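Pasting the structures in now, so scroll down.
After this come two complexes, each holding chain A, first together with chain B and then together with chain C.
And then the complex of A and B:
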């Protein structure tokens, strides 16, 4: 017992150090848990949405009216095996739930959604009575009638449709999850570095006590056992609040995350997609803390010495170069991530030593006389700090580079998306064609109106495309792929200003003549280029055509073919139709009224340009809330860690600042030296983070984004972010200097009392 | 005789211990002239280090007055007294401790240059001081690359390089073996004689104390109010 008391006496004398270590573990657990919960939710939601709708069909009314309870009764009386599927859309974090009727599932057998017929296997499926109750609470709801097979006997007035909650996302959703996993691992790496750095500093300060215990006859192995026990207890205690905070963080970010899934992949975040507390994440965090803090006992000292030797530095350079080459040449996401990890490892390995050498060189170059000696001393102290604070310096560098890259990516996307949206939303109003209404009649009327501005009809549906004669696209010869169809007629001023990624001469004229344009997603996924021949299958009719342009199409995963509406076969069944209209000299209300009279409906759904734009922008900002939040939280954590480390480390250097005072340097000049030292430290780390951040931006926009989402972005740099990060670095440096100053004052007064 | 480099009149200092004010020095009066050396001896806790700290302005007296190189200070602690003390320590008062007198990130020569720079001296000659103290070959080494005795001699080189009027040395040989301590002491007294500065030395070492011109035993000066 006495041994344990002697062992932990260090923390009785330095409670702030214990608090710092505990705080690092709590914050690291919080971040890791938050990211893990969100990633698990995404993975479960994707799995559930795939499982829930896999190979199912649902019944629709032939007259286009929504399905109701009466339809369910009529179909059951007719002997069809159908079951109700009532979706209740609640906003995140609750998410969507699905009400099903267990009795009605009886005829589905093993194919029953939500579990075996007669049972429920939990969220997102609930009993239909519960769903009906929720639908009364002002949540959006929609009823579907699922059919057990693709060929049930249906009475007249009903038809079958493929049941799909969104477009097939292929491997893109997996790539999205891989991105999240990579971000999680980066967070884990940074937090691991921070925990290790705080723990190592404490161990270094306690080494004298350990040596003393050894001299008193306590075996070194016993000391290590006690250290491990201390760490296990501390981690166990700190992981619990970290878990709770992480769950809260996930709850706060859940809304944005749900939007991200919805807008990027049309995947809905389901209720109850994950456990209440992710104990697995807690286990990983405990293992991480133990691993990063106790790794020195496992790794032979010769290896540790070799790592910082000249040969070790050469290995680091080799790791860096291999990483750079891997990222540039890799064909898949896994290769890019592996290369990125190697680049981070190599950079982290090299940075502290290089910065120390740089500071040393600058110190050597300082004037021998004049103000030189003081500058030389400060730069030498800086070099010492770079070496002793290597881990938090690297963690801060990684965090800053990540923030820089994510900010650049998001802002580039924001700007590109806005330009793209402005092109896409040229019309002032958008009129939705009601189900069952004849859009061609409306088109005829619009063409007859005097004084109306530019307009076009939009027809959306599905098409299958096959490689043309060259056979180079879409892999195996004759293989066809499904794509969204986007047809316009007439093709005019509303689209002719689009910026195209690649095109033949006069692309819009060529489109009118029967050519097609494809979106970037389709082009990248199937390596289709401008000029490539394609065969397009529409409503059973196959036609040969060629690609006249490739256009950018952000924020969605599906491949898309754009063609002239005049080229569509007569029997083509549109899934959605609308008109984009500039009313010109006419009032939109009048146009809307005329369309309503043609379609024999009192209310026509008309949306104005501004509301659609606002909705798109809102979805956009929500989409990137999570990424921004995680990167900024990581930066805050790294800055706090550097702050704590700088402060604790200063206890070992405080005497030398006091010595300056004894040598007659005025207190204000000592404070100035403190400020310069700490601000130079944080600012230098920021500057060191810039190349890594710029490189990571390139990796995100030019390598990861096309592989993960199917579209690329231009590589833009934002020096204003650099200045922002510089300002954060200066602020962190000033806070460190202020804490150091307090310690300096306290030390002097301690000395007085002790004397 | 010329006016003293240091004059102390009625100096008192108390510390708070376990909630009580404990007197360490009480009504101390002394004077030290240029070229003179004074040894301050006494048992541990008798106030030797405190007195040296008071004499260079690192601590403030509760009562009494101190005059150093013509600059007068009293216990009231005028607003500019810190700046005047700092100026004196920069240019006129050299302080040597038992150890840790050198900046570990600088070589011995760079330490001497830094100290000379702070004293406002711009001319070269720092290497000469190291050579005079037998450290010419070690000038470019760092403090952790030399012995304790060499580090203390480097500390003396730093002090003498600033051409001080007064040297305050607190147990300058306290952490050295006898032989090395004698070497360092020899250097200290030789240089002090050569430069003609005043020296006040706090020590437990009787042999070292007896080499000084005068001796002040703080154990014999019982502060009023002390237990």
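And then the complex of A and C:
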């Protein structure tokens, strides 16, 4: 018992150290728990939204007649799993209402649109009988019969068509989630470093006590056991509130995300309401704390000494170079991740020493050039701090680099997503050509309409392409590959804003003249470049053409060829046709009615792209907000850690700073020196974080994404955000200086009292 | 007497969907409502003295809240392996309707009634089950008297034109059956000329059975199609108010004994004690109502199962009839894991008499 009391007496004398360590564990657990929960929830939510909005199929009559209740009954009696979906279009503020039949959806199982919704509260799903009542005579309604799977057994006279509630986010979301995972790992690394830094500081100060205990006959092994026990107890106590706080944090941040998903897809999609605390996150945190704090016991002292020696620095440089080479050359994700870990390890290893050397050299230089002694003092003190605060400095550097990368990534994703939406939903309305209807007549009518905005007809089908005369192989020599064909006519303003990754001059004019555009996926897979000749086989007719542009496809895995509709052979059989229409001065309802009369059907499928686009943007904005929140939290934690460390460290140097006063420096000048010292420290770390952050951004968008998904994101830099980070660094420095000032005043008054 | 709580719970969801003003405070969608409340709701309630009316009672009773058509069968494969089989179709009304009234038009997707069908096969210690749901009056689920037909989607029980044979076709995921049923006995009216009391305070239902069904057909499990034959038990039951508030579940047995007698016994578990009743059908078709005073029905062995602790073996004693039976389910898990799970298993009978039958247990889920 005596031993235990002696053991923990350090914390009785230095309660702030205990509080700092406890606070770090609580904050680290909170952050890790929050990130874990949010990442899981984002993953589940996006998965559910995918499930809900992914292209489904609905049943249509082969004779083109509108589907009705009788068809529903006939199909169900034949054993097909289908469910009615009655859409009522009401003007705002009521908006769209969808009538569904929960009982009929029983056969969908978990894949039922609307998930496991047990109640229908009219936002926008209502029971289908209620929807019929609401529609009355006043509003347009349209009945669909949704099918459970792509291949239900249908009796003769029926066929399947695609049915979608909104744009499927597809691989864009997958890519985003992968990056979110990477962020989580970085957060774990940073929290580990922070906890270790605080713990190491305490251990360094207690070393004298441990030596004393040893001299009194306590074996060093026993001291270690007690130290481990102390850490286990402290971690156990601190992890619980951290866990709870993390769950609260996630709940707070996740609420907005859930609301956005709900409003986008009209379905309860947010998978955030986890009842229990994420205990696995607590387990990982306990292991992490024990590992980072007790790692010194398993690493031989000679290794630790070697690590900070000149030879150790050389090894760090080697690790860094190997990491950089690995990331640049790796052919798989594992190599990139390993390389990234090596780069972080090497950077973290080198940074404090390099910064200390730089500060020392500048101090030496200042001496040579006769610069003031205060500057030299400050630079030397800075060099000391870089060495003594190595771990929190590295943690702050990593955190800042991560924040930089995440910010760039998120902004890039946002822009990309906007482009993706612009490409997919280029027009305000999308009109589906009914099976058997003549799209040419409709195109003729549209071209005659005065006041209509830009529009085009899209003819979809399949094409086979073969490398032209350039000798480039598309697979085996002479082998042709299948690709989705999109033929546009006329080619106009709706597509001219597309992001082209590479193109000849005047690509759209060249497309009209017979060239083809291909998507990024096809170009990457078969190494096709702009200007390459291609042979394209359509309806048995082969034509020679060339690639006039490669357009971004944002993750669509299928190869695509885009060409002018005028170049299609007469006998080409379209698989699917549609019109993209901006109604301009006309009302879409009138245009739809005219198309209906041409096609001799009262039911023309018109999709309002503008509203889908607005809602889709909303959900992604929330997702991005969430990611930013996580990264900012990481930064705040790192800043707090530096603050605590700086404060604790400075308390050990107060006697030294007081000497400045004894040398005759006025109090205001001492405060000024402290401010400069701490701000220089934090700003230097920010500057050191910049190259790492930029490199990490490049890794995320240009290495991980192409390797994982086969398509790249553009790499953009955002210097204004660097300035914002610099401002945060200055603020952190000023707070440290303020704390130090209080400490100095406190000590001085103590001395005065003693005197 | 079966499953009404389960089905009613489903109907709660349907009712919420329809108008979201139905109360769940009166028990299973109002089945535990007091008599006065039932009258207020407009549903008719069977009374002692009510009699069965044929052929109408084969069809739906839109003025009553709930009813079902229920078949259980103890079959054997061509190599004499026992195979149990169940088909049930329930109708639950959310709104009463006079028999003579025209049903609402399908175009309005009415929700005045909902249908649920259950199909199950028990064979070799394994149990296959599937559930189907539908709203009434649209057309893909319903029941008619002439011709006799009960259907939900592609599951159907129907009289074959020009013969006394019924055909039952059910297709689940990876299993199906196609059976011919011939009735060789009379209709058995339970209780008081068809009024079957469900509590001492007067709640009850109209209830009759066909207990002499000869069944033949095929059962397909995966890629294997089995020829089967055996005996079946078919129930028709309807009411608007079965249960007293506080009744927790029930245990129901339908048994074919080797001496050609048939026995139906049920026990409604209440907060204190239980309400027990039944019918004994003699070899010549004579029906003897059984009251709780005449018999004891007690669990003899409990098994842990996937969803709760279940009494899988029972003792049934009816001293005046010389019956002292042990009723046991075969080993296996026989939960019908639908929206509202319950246990439905074939049973073997030993003791003073041997036999086969079916057992349904509700209210044992953890």
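Here is the rule we use: the second predicted complex is superposed on the first by the 389 of 755 C-alpha atoms of A that agree within 3 Å, B and C clash if a C-alpha of one lies under 4 Å from a C-alpha of the other, contacts with A are read in each partner's own complex, and residues count from 1 in each chain.
Quick note on the criterion: a contact is a pair of C-beta atoms (placed from the backbone, for glycine too) under 8 Å apart; a residue touches a chain by one contact, two chains touch by 3 or more.
Note that the coordinates shown come from a computational prediction; the quantities given were computed from them, not determined experimentally.
Asks: So in the superposed three-chain picture, is A:72 touching just chain B, just chain C, both, or none of them (first/second/both/neither)?
Replies: second
Asks: With the two complexes superposed on chain A, say which partner A:129 touches: chain B (first), chain C (second), both, or neither.
Replies: Second partner only, chain C.
Asks: Touch check for A:587: first (chain B), second (chain C), both, or neither?
Replies: A:587: touches no partner chain.
Asks: Could you say whether A:664 touches chain B, chain C, both of them, or neither, answering first, second, both or neither?
Replies: First partner only, chain B.
Asks: First (chain B), second (chain C), both or neither: which does A:655 touch?
Replies: first
Asks: Is A:84 contacted by the first partner chain B, the second partner chain C, both or neither?
Replies: A:84 sits against chain C, while chain B stays out of touch.
Asks: Using the superposition on chain A described above, determine whether A:372 touches chain B (first), chain C (second), both, or neither.
Replies: The answer is first: A:372 touches chain B but not chain C.
Asks: Same chain A residues contacting chain B and chain C, which ones?
Replies: Overlap of chain B and chain C footprints on chain A: empty.
Asks: Which residues of chain B touch chain A in their complex?
Replies: Listed in rising order, the residues are 15-17, 24, 49-50, 53, 56, 58-59, 82-83, 86-91, 93, 95, 100-101, 103-106, 110, 113-119, 122, 124.
Asks: Using the touch definition from the top, list the residues of chain A that touch chain B in their complex.
Replies: Those residues of chain A that touch chain B are 368-374, 376-377, 380-381, 383-384, 655-656, 659-667, 752-753, 755.
Asks: Going by the contact rule at the top, pick out the chain A residues touching chain C in the complex.
Replies: Contact set of chain A toward chain C: 68-70, 72-73, 76-79, 84, 86, 99, 101-104, 106-107, 118-121, 127-133.
Asks: Over in the complex, which chain C residues touch chain A? Could you list them?
Replies: 13-14, 16-18, 20, 106-111, 114-115, 131-135, 138-140, 151, 153-154, 171, 339
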